[in-house]
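Each of the next two complexes has chain A plus one more chain, namely chain B in the first and chain C in the second.
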Partner chain A sequence: MRAALIALWAIVQRETLRFVSQRGRLLAALVRPLVWLVVFAAGFRAALGLSITPPYQTYITYEIYIVPGLCGMVQLFNGMQSSLSLVYDREMGSMRLLLTSPLPRWWLLFCKLLAGTAISLVQVYAFLLVAFFMGIQFPLAGYLLALPALLVSGLMLGALGLLLSSAIKQLENFAGVMNFVIFPMFFLSTALYPLWKMADASTLLRDICAVNPFTQAVELIRFALYAEPNWIALSWTVLALIMFLGGSIWGYDPSKSMIARKSG
Partner chain B sequence: MNDQPGVVVDSLRHSYGSKLALDDVGFTIPRGTFCALLGPNGAGKSTLFSLLTRLFVPESGTINIAGRDLATEPRSALARMGVVFQQPTLDLDLTVRQNMLYFAALHGISKRDSALRMEDALGQLGMAERASEKVRALNGGHRRRMEIARALLHKPDVLLLDEPTVGLDAETRRHITHHVHELTKTTGLTVLWATHLVDEVLPDDQLVVLHQGAVLAGGKCHILTGKRTLADTFASLTKEDAT
Partner chain C sequence: MVRIALCFWLTATSALAGEIWVSNEKDDTISVIDEATLEVVRTIEVGERPRGITFSKDYKRLYLCASDSDTVQVIDPVTGKILHDLPSGEDPEQFILHPDNKHLYIANEDDAIATVVDVESRKVVAQIDVGIEPEGMAVSPDGSFAVVTSETTNMAHWIDTKSQKIVANTLVDQRPRHAEFTKDGDELWVSAEIGGTITVFDTDKKSEKAKINFEIKGIHPDRVQPVGFEMTADGKYVFVALGPANHVAVVDPKTYQVLDYILVGRRVWHMAFNGDQSRLFTTNGVSGDVTVIDVSNLKPLKTIKVGRFPWGAAYRPT
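And now, the complex of A and B:
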């Protein structure tokens, strides 16, 4: 048990050191959602009318609506960045160090996941701080309760990245992840528009949005920011986390690994 | 350290799809022995290393590390093994100390214990004064020495090195080869050293010649070569097999 905790601390520390040394990474993590908030939201404010739906008690501006979605976006990109760095580590060889440790592999992967999620929490709260000074503010309890929600959503999106990294052999294939994972997940969710608005366009699209784990993660964050629980969103997000993490542990199992079968 | 052989490989077979990479590979390395795994490029050395370190699992056959079966007791076997991969596995943006501590933590060694071990391991390879330097600032030879020091941090029974001197100058190669040979005598460490460079092998070393995924010959180097040089013996073995 002690050995497992020593490894956990070391992995979190290493990821933090890497994050701190890559100053551009925090900047990119902040600029991306801020561009959406300032530019995209300003343009859409007039075009998109929002009715009062929970957790909102009154009419809200579009900027307020998309903030939870942008928190999710920060975590989605962070999860994919972690995945990219895992594929890079594997290509460069440093992943071998982790995989030849005598600790259980599932634990090492979980440590990696937790370290990546911790980084995403720093990024999200930095974004929320900037949004606060831009006048987009949430109740104090919301900022506190968002932490466990962001932890679950960060773990789920990080686990998705981990799963993808177990299946992607080469760094070059990562462009496909952008096209086929990040963009569809983000746009087919409630990050930018509510479900009922999507239903106006197409019920099929609405249904796809509803089952998208990213939608559930965004709704979990949205409700938490207003200090309200959303048990359905929490259940779906946890379920997706279990599935993605289970899949990645399977993918990294040397006897079943997709990488081992494809190597050579 | 126990009395079991350092490494026992038996009837190992592995393939990538339809391409057979290793076929019926088997050998035993007694404890405290330097064993050179000699083979040309593409012989299957790196595949064998991936199987020995459990990055892959063989289709059939068994691997035993210091008395622990890698398939049934993987964690115990991995804990007794130090590895230096052909590809560097260092974090260039961290210091030597940070890299060493990270590795030690992956083996569950606390910061306090690993600090003492690190000093000792780096000192033996003449790297103690470089502990605070970023790895990026080190030359290839120093990086390799650091990787060897790191692989010994958890006091393994078996050290596996996959072509550790590739790309290094002659003097550094000599120093590293000599140091690892010494370790087998002074600490009882079992070493499996994969190479295609015959000058790294001494007459008293054990030898396993791997070619096209199969073991062509094995035994004490001077017995296998007789009056010929190792280079000639190796050339004739691999030539005979090819014809």
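And now, the complex of A and C:
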């Protein structure tokens, strides 16, 4: 038990050190959603408001609508970045050092996941702080209740990154992740447009959006920011977390994994 | 301990014990919103095209302009039953009850007249020729002047309530919609829908004192059309409905500066405060709902679906 906690502490510390030493990373994590908020949201007819859908009680501007989606985006990018660092670790050999630890591999992977999620939480709250000073404010209870929601969504998106990293052999292949994972997940979700708006364009598109785990994560964050539960979104996000984590533990198992098959 | 808790609970609930009555222009109904739950608790069928709506000073009677029925209906707010009609002249749109609680000043839009009705004898006391398409109606707090604004003539007509004659006419910007005296009676505010302004008049001199313009980032100036407005009793804010701009402007009545714009529903038209003026209820015609604004922090709280094209609103304690 003590060894497991030492491992957890060491991995979290390593990830934190890496995050702190990469000064541009927090800045990049902040600038990306802020560009969306300032430029993209302004381009839409922000001033006339969106129709009322839960959890909103009244008309809201587009800037307010996209903030939960941008929180999700921060976590999505962070999850992918963590997976990128795993691929890098594998190439550099430090991964071998980590995996030779006598502790169970699933625990090591979970520690890695938790460390990445903790960093994403720092990034999201930094973004929410900037948004607060831009006049986009949520109830105080919302800021508190968003923490468990962000933890679940961060773990889910981190687990997806972990799963992808188990299948990617080289850093060069990571560009594909951008095209085939991040963009479709982000654009085919409720981060930028509500589901009813998608249904206007096509019901198929609406259905794809509805089953996208990123949509569920964004809705979980959206409701939590208004101190309201969304059990359906929570269930879907937890289900996706279990599937992605299970897949990545399987993927990193040397006896059955994709790594073993690829290297063998 | 229980007593103290009960006391707190009673104080909290009694602070919000009232109703907001909303006239729905295209539904021929009134929606009654409970102030505490912010839900529609009653829908009452009334005459055709209900618009202007106000309560008697003791809240025992509701007066309602049923414009297409060419009458003012008197309704018992407890039972919701129409008691009788008042002879209002054709197409009554807005009206104001004189502080004497007896005389109703009605703007007859199609006939270019203002009708004064005695609500007790139910008789027309006077009919005064005014400009074309009269709409806005105001009475000074001391009751000495009534003001009618005419939409096409672009004027505010000052009526001496003793002689029931026009004593002055003042030009305002295009399409004046609503008029209101300040609580101390020193100023008269008139909104101009197409002009996009509010003109403030000195009551004694009957001359222009200030002009307020509105500008919302991202909204074309043509859409910014001031219509109804309400002043807080403490003289801190004036809330102005900006029609198709879908916003309510918050104006400081001392400096005449716009402090904020609050997003509400589509084509916001008129509004009413609750009893302690902690909340403001705006009627949003096109979206068919009422937005509740928290006056303490100037933020919208909730939007409530009512009938089609809500027009006016009035508060009644229960």
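Operating definition for what follows: the second predicted complex is superposed on the first by the 259 of 264 C-alpha atoms of A that agree within 3 Å, B and C clash if a C-alpha of one lies under 4 Å from a C-alpha of the other, contacts with A are read in each partner's own complex, and residues count from 1 in each chain.
Simple rule for what comes next: contacts are C-beta pairs under 8 Å (C-beta built on N, C-alpha and C of every residue); 3 or more make two chains touch, one makes a residue touch a chain.
These figures come from a predicted structure and were not determined experimentally.
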Practice prompt. Identify the partner contact of A:Met92: answer first if only chain B is touched, second if only chain C is, both if each is, neither if none is.
Written response: first
Worksheet item: Looking at the overlay, does A:Tyr59 come into contact with chain B only (first), chain C only (second), both, or neither?
Response: second
Discussion item. Which partner chains sit in contact with A:Arg14 here, chain B, chain C, both or neither? Use first/second/both/neither.
Written reply: first
Worksheet, complete the sentence: chain A contact check, chain B vs chain C, more residues touched by chain B
Worksheet entry | Partner chain in contact with A:Asn179 - chain B first, chain C second, else both or neither | neither
Discussion item. If we overlay the two complexes on their shared chain A, which of chain B and chain C does A:Leu103 touch? Say first, second, both or neither.
Written reply: first
Worksheet item: Between chain B (first) and chain C (second), which does A:Arg2 come into contact with in this model arrangement: first, second, both, or neither?
Response: first
Fill in: Contact set on chain A toward chain C in their complex
42, 45-49, 52, 57-61
Practice prompt. Could you pull out which chain B residues touch chain A in their complex?
Written response: 16-17, 19, 21, 47, 50, 53-57, 74-76, 78-79, 81, 83, 85, 87-91, 93-94, 98, 101-103, 105-110
Item to complete: Sort out for me which residues of chain C touch chain A in the complex.
Response: 216-219, 246-247, 263-265, 291-292, 300-303
Discussion item. Applying the document's contact rule, which stretches of chain A touch chain B when the two form their complex?
Written reply: 2-4, 6-7, 9-11, 14, 17-18, 21, 92-94, 96-104, 108, 254-255, 257, 260-264
